[in-house]
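Worksheet for the structure shown next.
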Amino acid sequence: MSAGPGAAWGVPGLPGTVVVKVSGKHINPEKPNMVKGYAEVFRSLHREGYRLAVVVGGGPVARAYIAAAREAGVNRALQDVLGIEAARLNARLLAAALHPEAYPEPPRSIWEALEAAATGKIVIAGGFQPGQSTAGVAALLAEALNADLLVLATTVDGVYTADPRRSPEAKLIPRLDYETLRKVLQQSVEPGRYELLDPLALSIVERSKIPVRVVNGSDPDNVARVVRGSDVGSLIATTKQ
Amino acid sequence: MSAGPGAAWGVPGLPGTVVVKVSGKHINPEKPNMVKGYAEVFRSLHREGYRLAVVVGGGPVARAYIAAAREAGVNRALQDVLGIEAARLNARLLAAALHPEAYPEPPRSIWEALEAAATGKIVIAGGFQPGQSTAGVAALLAEALNADLLVLATTVDGVYTADPRRSPEAKLIPRLDYETLRKVLQQSVEPGRYELLDPLALSIVERSKIPVRVVNGSDPDNVARVVRGSDVGSLIATTKQ
Amino acid sequence: MSAGPGAAWGVPGLPGTVVVKVSGKHINPEKPNMVKGYAEVFRSLHREGYRLAVVVGGGPVARAYIAAAREAGVNRALQDVLGIEAARLNARLLAAALHPEAYPEPPRSIWEALEAAATGKIVIAGGFQPGQSTAGVAALLAEALNADLLVLATTVDGVYTADPRRSPEAKLIPRLDYETLRKVLQQSVEPGRYELLDPLALSIVERSKIPVRVVNGSDPDNVARVVRGSDVGSLIATTKQ
Amino acid sequence: MSAGPGAAWGVPGLPGTVVVKVSGKHINPEKPNMVKGYAEVFRSLHREGYRLAVVVGGGPVARAYIAAAREAGVNRALQDVLGIEAARLNARLLAAALHPEAYPEPPRSIWEALEAAATGKIVIAGGFQPGQSTAGVAALLAEALNADLLVLATTVDGVYTADPRRSPEAKLIPRLDYETLRKVLQQSVEPGRYELLDPLALSIVERSKIPVRVVNGSDPDNVARVVRGSDVGSLIATTKQ
Amino acid sequence: MSAGPGAAWGVPGLPGTVVVKVSGKHINPEKPNMVKGYAEVFRSLHREGYRLAVVVGGGPVARAYIAAAREAGVNRALQDVLGIEAARLNARLLAAALHPEAYPEPPRSIWEALEAAATGKIVIAGGFQPGQSTAGVAALLAEALNADLLVLATTVDGVYTADPRRSPEAKLIPRLDYETLRKVLQQSVEPGRYELLDPLALSIVERSKIPVRVVNGSDPDNVARVVRGSDVGSLIATTKQ
Amino acid sequence: MSAGPGAAWGVPGLPGTVVVKVSGKHINPEKPNMVKGYAEVFRSLHREGYRLAVVVGGGPVARAYIAAAREAGVNRALQDVLGIEAARLNARLLAAALHPEAYPEPPRSIWEALEAAATGKIVIAGGFQPGQSTAGVAALLAEALNADLLVLATTVDGVYTADPRRSPEAKLIPRLDYETLRKVLQQSVEPGRYELLDPLALSIVERSKIPVRVVNGSDPDNVARVVRGSDVGSLIATTKQ
């Protein structure tokens, strides 16, 4: 059923390098079981030989600090910095659950991420820069690490023809190319409402032809499945490889 | 009415160096007005010429991360590390509100604190080491920086003859020496229930004869008052100076 | 003739904080006199009391390293990293000419920039992240530092109604608001051909209402002039302040 | 005779992670042969697959710098910092003798220790914080690294019923639990006179049930023996495991 | 034909540790094919088990920045610092081509080099200190890393009896000892004209008896050949080993 | 009697920037009064407005660690690193006595020194690189910081016509130029026996025309005297300025 990540998109020589973006809705202090579940998935994959980098969102803790900073008169850039630091706190929580397989310090720039990756540990980041989406960080890391796959563990099952939480007739698109994704995102009434690639992140994966898997991150095993090659959720890739 | 911190304990040549420990109950994302209030107090004191270092507790965010880590199977030392990181997030929130008067990065060791202090900015820390109390960090910083005063901004009005939240007859002690404080802390039924100096912190302030003010931190102005020399809360100092 | 930066847009309490973006076409090893000229301008402004941060582009050296990396098979993210490092080398050249008034190390993230700024030295950066424009870094720094003004020292005299190098009838717009700039940039046939704000940078200065001056950086004195309040080039600001 | 560290206390799956605390009386510039001996022991264990962290005391060099600092009017906290730096110099001496198997830089905080450990090298520390005992650092590291064993290489043969240097009838206790150790330490006339666990360190090993071996460090092979499972010196552990 | 580096000078237990110094004339943005060629050689050797450190010269980019700095009035020490930073940019270019086998950050001191080497990655440096030759850095690294061989990839075929570019009768010396090299360098009319060891670097390799290979670096394969034990270029070593 | 450092060599605009090299024979744990004396001198000069950098030698502690390392089989480069670390420990001792006027961390490279100097604190270093003399570090720092004066606080009263400890007829040379110093050093029977500039350090001060004062550091006030302009010891400078 599975032959590693290459099965679905034809990249040989597995295991490989995988970057996973996990929503802050899944990794935060209110969900210790999800933290534990993701730690188990990443530990298993790491022991199977995959090189892993994970980007964790800020979730509710980030929103709380950003709101408090705004009320206290803090400027927008520093509000964003606090949001990133909250995401890094979530990253530390996941790293602690993955100890000693994870690098203990969440990097704050592409330079720090490369140094952390040089140890061979799982790198867990929380954000690099104000104004940049978590998916953007993940796309950048995937490109820098020559990743074979970028996995987006979101709150929906994949890419839909419309917002599945609003349109009952919305259908999951199992496979699409970058150009099609761009159109889907543009025609969506509220593109920001479900977490996918922003334009910058999309341009990165497209220019470097990085295959992207969108899966429902409510079940951490979905990440394990697609890394090992199962055809879950949606695959965004070039038409022919 | 005030002649600087020296008024109450006889140290000339003011303004001086002051270390303030603020409970995480006062500085956290649920209390943006307190954050703003403390930022205003520290900004004013800094502009008056005081050299300031602040230690912020972890409060409810720290407790949430520690609990989640425990449930996810993280060891005790790393649970504490997460608590310190949460306290550092609170420290960042306060630093952002104090920008650019505060040093932007909360130090994680006495070495980093000394380097930050070398810039002349207000240093805001969140904890240095697992197993160490926030008051311990503050006492250590006060000693290292040759501080003229250590202020503990707690949730009670000062040192009492008994726990004021349990004993209606408990009386605030306006001035006491280190040895008396030690006895008060020991005879207290639940010494840990109200935030003061743990034995290690007490031994530091005693050996270096650092005057300590305990005030109610629910009003940030109490900190400004005692720094400027008013006789608010309790003063712990040597009998004669 | 001049009353500080506030003269043109009504901000009192000068001197203030200014961020300047200088094209890599002006600061590079082939133009030592420009390096010297900019160093003199920034030294003068610094001594007048302005807090300064400068962002330098990569110019021809960056292009050479990016091209070599591409030919050597380096991925796009790391190509960009090399371009940033080349820009940082230009930043070091300018910092050396400004020694000891400049901070010696070009920051690589907003965190490092804030730490460098805490010393009170002129901070000179070269880029923070792959895929981000130099103007984007400058806008972010301006927001984080609560700058009173962002100066773009470009290769043209200001914002024009059309590309001045192609349309003889193009006219310089002395003052415009953010929304108008957005339209000008969109209707430009080749918006990337003359260096201004990309959409992300524009959204930052707009949301934080940071006044932006576009001047011809071929003469470093133009930067000094607008910082001191002269009405040179184009001013982008809110309609009424 | 030996079946790895688990033999004496029932932990399967060896080799494991071991933290060793070596007195500064054993590792200092006056004892190059001891440095060499310890280097050989740690190199052997490392090559057998053990993950190792070592904490070295300050010994006579630390005492000399602390005394000089006191005479020069340095405050107590900075006196302690100098003592830690002297201990770190001893740690560097041992690390140099263990090159390239040891991490070259002695960490100064739990964060730096975790980053060093991520390389897989032997981590050699010298102290983290003023007022903290070397044994306290070792206990903290043991907890953070999920160590299977903490070895205290002291100047006596183990835990005695009384101070063996004063009471001829003192008997070595081959095995005891944490509670018993606490009582032994309390009833000792001069508990500080022989190097064992201070109360804070004891509470750490107890709460995390870390087995502790106390051996005579005058012979480095004693450390190798207990790591490999021999029953030398005293074992402090829970009654039943 | 080859039995590893030991074949020519009798060191058993191969592969070993090798330090290579490559002229900035070979590694710079104008020679992407050489960058690629060296990357392939180092990748192959690394995968064969060799531990590698590489020192890259500054070449034409360094000269350009130094000249610009001089014209801009920068002091000599900071001119040299810029030259080192240019060499580090070349080092980054090579490291990017060697990603992820190389450590991403070129070290700036022996301490940073040792920390980078602890990851097991190929360390690529560009210079440590003003006034120090690239060969001096390489010799120092070779000594610190207990290297089995130092390779100098220069622009000539080896050590000659006279400058081969001036004296047609100059003959390559296939093997010589340190003392003979010293004499050759002294009697050379213009010793600085062809790149070899300066007196300081020579004293380091001599005191630690580090074998040195001088080869023509115009062909990267020459480096691979001598590391694997072929007798190419000149070997400088003790007479008998 | 004194008109600042310029009095003796004609540099206007005082106070200025001064680099002082103090022998490890003067600053070490066996001489707390010298540590105190130097701290007082540097504190006074700093408060008078001088910008100061100090380089401290390793002295007897360095020799002890180097000897121990050699006996333990450590390579020469790492022996030197230990010697530098011992010198840095002496630097920390002096910095602690100068707290908070000194930067707390002794830099290990020219980059770190420049960053430390950016705070405006007194920078106290202990060595940068194996094989480099303390005087070499001091000369390099003096050049990088555009120092007006380099003071060598040695164990003799100045530059003599011969070694004063061997030749009773040796006469102190009150003023000489760089070329003359070179000759004096060369004709000395044992040039290394009294501490002055090695050839590399000499070439640095000569090329940048940095005036050098050689004084007897047994009395810290000698340093204060020459910084303030008194004509004590020997002055090495260009013939005419």
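Order as written gives the chain letters A, B, C, D, E and F; numbering starts at 1 within each chain.
The definition used in the following text is that a contact is a pair of C-beta atoms (placed from the backbone, for glycine too) under 8 Å apart; a residue touches a chain by one contact, two chains touch by 3 or more.
The UniProt protein names, listed by chain, are A, B, C, D, E, F = Uridylate kinase.
These numbers were taken from a predicted model, which means no experiment stands behind them.
Visitor: Among the chain pairs B-D, A-C or C-F, which one reproduces the interface of B-F, with more than half of its contact pairs identical by residue number?
Guide: Among B-D, A-C or C-F, the interface that shares over half of its contact pairs with B-F is C-F.
Visitor: Once you count every C-beta pair in contact for both, which comes out on top, B-C or D-F?
Guide: Spelling it out, more C-beta pairs touch across D-F than across the other pair.
Visitor: State the chain with the largest centre-to-centre distance from chain A (Uridylate kinase), centres being mean CA positions.
Guide: Checked the centroid distances; the maximum from chain A (Uridylate kinase) is F.
Visitor: Taking all residue numbers at the chain D (Uridylate kinase) to chain E (Uridylate kinase) contact, is the shared part over half or under half, that is, same or different?
Guide: different
Visitor: Could you state the distance in Å from the CA-based centre of chain B (Uridylate kinase) to that of chain E (Uridylate kinase)?
Guide: Computed value for the inter-centroid distance: 55 Å.
Visitor: Please tell me the distance, in whole Å, between the geometric centres of chain A (Uridylate kinase) and chain E (Uridylate kinase) computed from their C-alpha atoms.
Guide: 42
Visitor: Taking the mean of the C-alpha atoms as each chain's centre, how many Å separate chain E (Uridylate kinase) from chain F (Uridylate kinase)?
Guide: Centre-to-centre distance between chain E (Uridylate kinase) and chain F (Uridylate kinase): 33 Å.
Visitor: Find every residue in chain C (Uridylate kinase) that makes contact with two or more other chains and list them.
Guide: Only 75, 78, 81, 99, 111, 119, 146 qualify.
Visitor: Based on which chains touch which, is the overall arrangement a line, ring, star, complete graph, or other?
Guide: Basically it's none of the tidy shapes, so other.
Visitor: Got a list of which chains touch which?
Guide: Inter-chain contacts occur between A-B, A-C, A-D, A-E, B-C, B-D, B-F, C-E, C-F, D-E, D-F, E-F.
Visitor: Can you tell me which positions in chain F (Uridylate kinase) touch chain E (Uridylate kinase) when the two form their complex?
Guide: It comes out as residues 75-78, 81, 108-111, 128-132, 140, 143-144, 146, 200, 204, 207-208.
Visitor: With touch defined as at the start, can you tell me which chain F (Uridylate kinase) residues reach chain D (Uridylate kinase) in the complex?
Guide: 28-33, 35-36, 39, 61, 64-65, 67-69, 71-75, 78-79, 81-82, 85-86, 89, 92-93, 96-97, 99
Visitor: Which part of chain F (Uridylate kinase) faces chain C (Uridylate kinase) closely enough to touch in the complex?
Guide: Contacts found on chain F (Uridylate kinase): 111, 114-115, 117-120, 145-146.
Visitor: Would you mind writing out the residues of chain B (Uridylate kinase) in touch with chain C (Uridylate kinase) in their complex?
Guide: 99-100, 103-105, 119, 121
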